[in-house]
Amino acid sequence: MSITEQRPVISKLEQQELRRLLAENKRIDGRSPLQYRSISVQLGYVEKAEGSALVELGNTKVLAAVKVGIAVPFADTPNEGILIVNAELVPLASPTFEPGPPSEESIFLSRYVDRSIRESKTIDLSSLCIVPGRSVYSLYVDLYILDYDGNLIDASVIASVNALGITNMPKYVVEGQAIKRTDEYFKLELKDHPVSLTYAFLDDKYVVDPCLSEEYASDFTVSMTVKSDDRFCAIQKNGGGMISPRRVIELLERSVELGKELRTVAYRQLTGGNG
Amino acid sequence: MSITEQRPVISKLEQQELRRLLAENKRIDGRSPLQYRSISVQLGYVEKAEGSALVELGNTKVLAAVKVGIAVPFADTPNEGILIVNAELVPLASPTFEPGPPSEESIFLSRYVDRSIRESKTIDLSSLCIVPGRSVYSLYVDLYILDYDGNLIDASVIASVNALGITNMPKYVVEGQAIKRTDEYFKLELKDHPVSLTYAFLDDKYVVDPCLSEEYASDFTVSMTVKSDDRFCAIQKNGGGMISPRRVIELLERSVELGKELRTVAYRQLTGGNG
Amino acid sequence: MSITEQRPVISKLEQQELRRLLAENKRIDGRSPLQYRSISVQLGYVEKAEGSALVELGNTKVLAAVKVGIAVPFADTPNEGILIVNAELVPLASPTFEPGPPSEESIFLSRYVDRSIRESKTIDLSSLCIVPGRSVYSLYVDLYILDYDGNLIDASVIASVNALGITNMPKYVVEGQAIKRTDEYFKLELKDHPVSLTYAFLDDKYVVDPCLSEEYASDFTVSMTVKSDDRFCAIQKNGGGMISPRRVIELLERSVELGKELRTVAYRQLTGGNG
Amino acid sequence: MGENITLFSEDGKRTDGRALDELRPIKIKVGVLSNAQGSAYIEQGKNKILAAVYGPKEALPKHISLPDRCILRCRYHMAPFSTTERKSPAPSRREIELSMVLRNALEPLVMTSLFPRTVIDIFIEVLQADGGTRCAGLTAAVLALADAGIPLKGLAAACAVGKADGKIVVDLNDLEDKYGEADMPIAYNPTLDGITLLQMDGIMSKEEVEQALSLAITATQKMHKMQVDALRERFSVQRRET
Amino acid sequence: MGENITLFSEDGKRTDGRALDELRPIKIKVGVLSNAQGSAYIEQGKNKILAAVYGPKEALPKHISLPDRCILRCRYHMAPFSTTERKSPAPSRREIELSMVLRNALEPLVMTSLFPRTVIDIFIEVLQADGGTRCAGLTAAVLALADAGIPLKGLAAACAVGKADGKIVVDLNDLEDKYGEADMPIAYNPTLDGITLLQMDGIMSKEEVEQALSLAITATQKMHKMQVDALRERFSVQRRET
Amino acid sequence: MGENITLFSEDGKRTDGRALDELRPIKIKVGVLSNAQGSAYIEQGKNKILAAVYGPKEALPKHISLPDRCILRCRYHMAPFSTTERKSPAPSRREIELSMVLRNALEPLVMTSLFPRTVIDIFIEVLQADGGTRCAGLTAAVLALADAGIPLKGLAAACAVGKADGKIVVDLNDLEDKYGEADMPIAYNPTLDGITLLQMDGIMSKEEVEQALSLAITATQKMHKMQVDALRERFSVQRRET
């Protein structure tokens, strides 16, 4: 059962301070409402993974790693590779993350990232078939949250796409009934460069890329994933509260604009500076 | 570990009232001690299941649904189909049902229903073999308790047998090594029409088909499943307390009598009025 | 997560008493510091297992039973049989053992016993291959702790080796693609007779084969498994506290000496009196 | 996905004969269970869904309670027989996510500050699934809350909108859900002009999302009326009974 | 089941040479473990079963306790090596059911109102199984309770009766259990003329159940005597020790 | 294991070019996470390991606390991508054992009696594994404890020694771990001359264990210096920051 979450008590004073600042279009860390934090991306952080990226978004640290394997395809998609996204809210990242089976937050996070990649068709899964109905590539994208200062979703999408973007795929050859791994590799091809934009709402004001104290103070957040062609492939309101249709439309516009900028920064190393 | 159950506290007054009534051969809802509640059976309630029945026994509501599949037979019965009974005490049915893995009550219920069907040979499992040792039909009988006002066992047996009685079996044909589903169907044949009779005991008095407050007030219950030929295929004392051998013999007699009546009512729609 | 264990409170008086005795090289049950308790071994206790032994070490009772089966070998050892050691701290043995999935203590115990057998090559796993890569023998060694008065490790190693030492292996023959069990049996051959020696430390004094109250009072224990050729195949410090390198070297010497004695006693029935 | 499924007939009607902005037939009944404090049943297309509410009641263990308001617990669950292939009764990752999404969508409707230190349990059981179960489940759960006599800021109804074969449609059925381009479930309260549930899967442009949003608002307003009717019927029955 | 197993020899003896109403050889020992407050061991045929009792002790967490009496916790468990095929040590559905059935059969024997707010733990471990384990386990558990010094309303012994190859037999062995027509485990207290455990699987007519019941009563009365002897031996040993 | 792996080149160097008593390159950084009270990162060969400490904080539920000292909780965990084959994120039996072994090795270093009724949580995450992870994890965890400002009786560093192709070597790499004859992880505090972690797998004679032990002491003393340097750097950075 899902149960009302217990957020760490933010002192009334701190919440009031955030309100006061927002009224003046200011934020606790000096950013303007629609300003993103600085992003650093370290590609290939884990050599044992076929692809990996360590992303720092302010103090939020997310490590994404891709493991490539061979698997039997699902019965309803015999010609498609398998993509599995798994997120671990590692307890060293925050006093609120507990060891144990995946929490609803981690399931929610991994499913949102999964949708952002899958629906945008960033990976052409039909290109990952080796023998139809029998052998396909499997891509495990493991998200490891190492330090939590808000906005895990956007950081995780960026980390996943970067890790996929440098993934080396071992080549296999079919020999009769057997499938043999060769020494050759090929690069996994990205068909899109989606970015997620997350907004935190407090009293009908909002900021993009909330830090942790903004997330805790907020009524709810809205995340929107934008493809390179400015279309949307995932939207999600998260948390209680209500949003007016007018505000949703406003966010769609914001996300197209902000998405362009973010894409350039987030995938600079993949694209050589061209988003 | 099994632990002494915590029944909702029935006020001493209410229990005294039940005792007083019983002394006069009366019951809290106006029935006589050996009177069953009214039964309503709605066949085919869930169209996506191959067979289903919603049974209302007073305020107790049980939905049984049969899903038909293909499976590898168990090693020790290579020529027999597979029958699995599973009961869910859905939390919306009662404040005492909790979400989570099957409780001992739900395991007990499903195992009793399983025995009632299996031991009575209501289904001829050997008729459900497609290719010996390789492919047999599997019948999943899922019991869903939707509203709980006592006597789940009797209601569940009635719901299961009704659901099985209208189950449409897809026909399969063997083509070389493969097994192919056809568009044709056949009716699952019932070899018997077992009914369970449950008695609740309070101070050596007993009533049949206890409602919830009678169940809570009782020392224990005894359930007996009777086949169409008046023989017994399952008996179970449930709960603490002691019963004398003389009383057991008395219940056997009662169950044969009451079973005849109940069978006619419970399976009227299956048999066209002849039990 | 592993959490600091809560030992039953030993009264300060009792711990002081142990200290006082140790200062005089005495122990609570009259033994000298390097004296082992008496050992009784009952071979073949469980007839349904292919090998079994009930070992009593003072009041500690451990039942080991070996079940032999056929399995697919692990991918990285296609020519080797499978050995699995599992320990159950059965709740009837102690008020501190709880029903449920294996505790860290039981995992630790089974892994230490596993190492003692595996690293000493007591069983030649390569002799347990039937068809390479397809069919090998599997040996399940189940340890059942029935009464707990300290030193489970040493008792469990003795019980396991004794049970393996009398294990009857059913013979299989390969007929084309199939593997058929015959009526013949052969004896599992032991290549070694390892024994574990466990020492409990209190204030830099130590005793071998601690009973339960000594275990609870101790700072930590050290276990060492010695092979028949006096070499070591497993060492483990267990519990908090520090041990000096000098003491470790002293224990190595002790274990070689004591191991010889213990081996003779523990495996008398297997070897006809010659360790 | 990849298969050649046609989602529209030549006359522009959908696979089940509906127009683009037409809801499936809906049947709602409030107060259908005897033990629950509040309950409701909905049929929408072939969806058959029960919702039940227990509470407010003491929150146990105490550390889950909040000093200034009541907390909600919510379980969205699909019966093993609700889908074409039998589903394991253990909660899937999807069910865990939807339990959270639905709790978040219901919480802003409840006047939680009236019942500090208590808990309200909401159970949603999908007996038969036909696309749009989370939305139909929410529509029923809101009514179960009202039936339980829990003070609400307002009702909300939910409906999936989306895109199928290039067209924006309302209340997607199972086929459109599976083979369409996008699915956007929305819960909307018309009085407060507030969206409490908003998700989107698939691909839509900004303009398409806007168009879908507008369809959703009209559709949920229609459903709102059915909710009110169902409550009215419930209370008139009760009145007759007393 | 379908196989041609003959359960009787030509002279009317059972597969293990017994007469219809004859019990298997039984060996009982009370007080066999050092840590448990009470314990007992039983061999019945090839069954080897240990029972141990801890308590009465404080019931924790408190919310499981009852203000007017002690509660019981009971675990029936089979060792992985107790059966022909190795059994997983995780409790099966059968073991969960039997833990409940045995708790219900033991509870009426214990004077629970003497120890409010406490708990008694009963552990039954089947080391080797040979048909009728629940009954032999109960016979041992009752003795473990007595050995723990817990006041009982009386002892009870248990025995399976049933039908094999058309005949009513007592104390079914593994073969009769598997290939017979019916199995009816019964626990009986002769002093109070009370049955505390009653189950039946398989097919029997009313008359056959009655006949089996009568055999069970005679058999459990014999076992009752063995229980008393085993307790007497236990207490005489203790007296000698002191 | 049966395969013909050569662990030494003709000039007596190890597979990665090291001498017998030579450590792999080690990189240590203290204070690398923002939320944890203390943290440290270590690279040793291709091992990449993070350790973080939370506490001392109130021990909840209360019954786990101790009246005279603080308790420790410890989790050693390997990331799914840390090994060549993807590892399930659920803790394996090995991880459960090592969590206990590491807790036991850390506990004697902490002045636990200063913080009665509290708990300290220690998390060790292996991001990439290359042999000797428990030792490198311990070396980092000790620093994370120090970084958290928790009073320690002393630092300790850990290192595996063992036997490969007949030779006693220090700081086994992945290949030596897999194909060598013995592996002996040791944590040592040079000031108190105390070993807090001692394990051995594989086969060694008494003399070989002694020799390995002596190598381990020298190696951990070297690592001790690196620990001190890393702490010094951390505190000088903090000083610069203020």
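Chains: A, B, C, D, E and F, in written order; residue numbering restarts at 1 for each.
We take it that a residue touches a chain if its C-beta (ideal position, glycine included) is under 8 Å from a C-beta of that chain, and two chains touch if they have at least 3 such contacts.
Remember, predicted model here, so these are calculated numbers, not experimental data.
S.K.: Would you kindly count the fewest steps from chain B to chain E, each step being a jump to a chain that touches the current one?
M.R.: Contact-graph shortest path, chain B to chain E, evaluates to 1.
S.K.: Taking contact as defined at the start, I'd like the list of chains shared as neighbours by chain D and chain F.
M.R.: A
S.K.: Which chain's centre, taken as the mean of its Cα atoms, is farthest from the centre of chain B?
M.R.: Between chain B and the rest, the longest centre separation is with F.
S.K.: Counting only C-alpha atoms to place each centre, which chain is farthest from chain C?
M.R.: D
S.K.: Determine the centre-to-centre distance between chain A and chain D, using the mean Cα coordinates as centres, and give it in whole Å.
M.R.: Roughly 27 Å, centre to centre.
S.K.: If you average the Cα atoms of chain B and of chain C to get two centres, how far apart are those centres in Å?
M.R.: Centres of chain B and chain C (C-alpha means) sit 49 Å apart.
S.K.: Just give me the whole-number Å value for how far the CA centre of chain C lies from that of chain E.
M.R.: That gives a centre separation of 32 Å.
S.K.: In whole angstrom, how far does the Cα centroid of chain A sit from the Cα centroid of chain E?
M.R.: 58
S.K.: Which chain C residues sit where two or more other chains touch them?
M.R.: Counting only residues that touch two or more other chains, chain C contributes 1, 99.
S.K.: Could you check chain F for residues that touch two or more other chains and list them?
M.R.: 75, 121
S.K.: If every chain is a node and every touching pair an edge, decide which shape results: line, ring, star, complete or other.
M.R.: Shape of the chain contacts: a ring, since each chain touches exactly two and the loop closes.
S.K.: With chain A as the start and chain F right after it, run through the chains round the ring.
M.R.: Once chain A is placed first and chain F next, the ring gives A, F, C, E, B, D.
S.K.: Please output the residues of chain F touching chain C within their complex, sorted ascending.
M.R.: 1-2, 64, 66, 71-75, 93-94, 96-97, 99-100, 102-104, 107-108, 121, 184, 188-189, 192-206, 209-210, 213-214, 217
S.K.: Give the list of chain B residues in touch with chain E in this complex.
M.R.: Interface residues on the chain B side: 1-4, 6, 77, 79, 102, 104, 107-108, 111, 115, 119-120, 126, 220, 222, 227, 230-245, 248-249, 252-253, 256.
S.K.: Give every residue of chain F touching chain A within the complex, in rising order.
M.R.: 33-36, 39, 46, 48, 50-52, 54, 75, 77, 79-84, 86, 89-90, 121, 123, 125, 127-129
S.K.: Touching chain E in the complex: which residues of chain C?
M.R.: 45-49, 52, 59, 61, 63, 65-67, 69, 86, 88, 90-95, 99, 101, 140, 142, 144, 146-149
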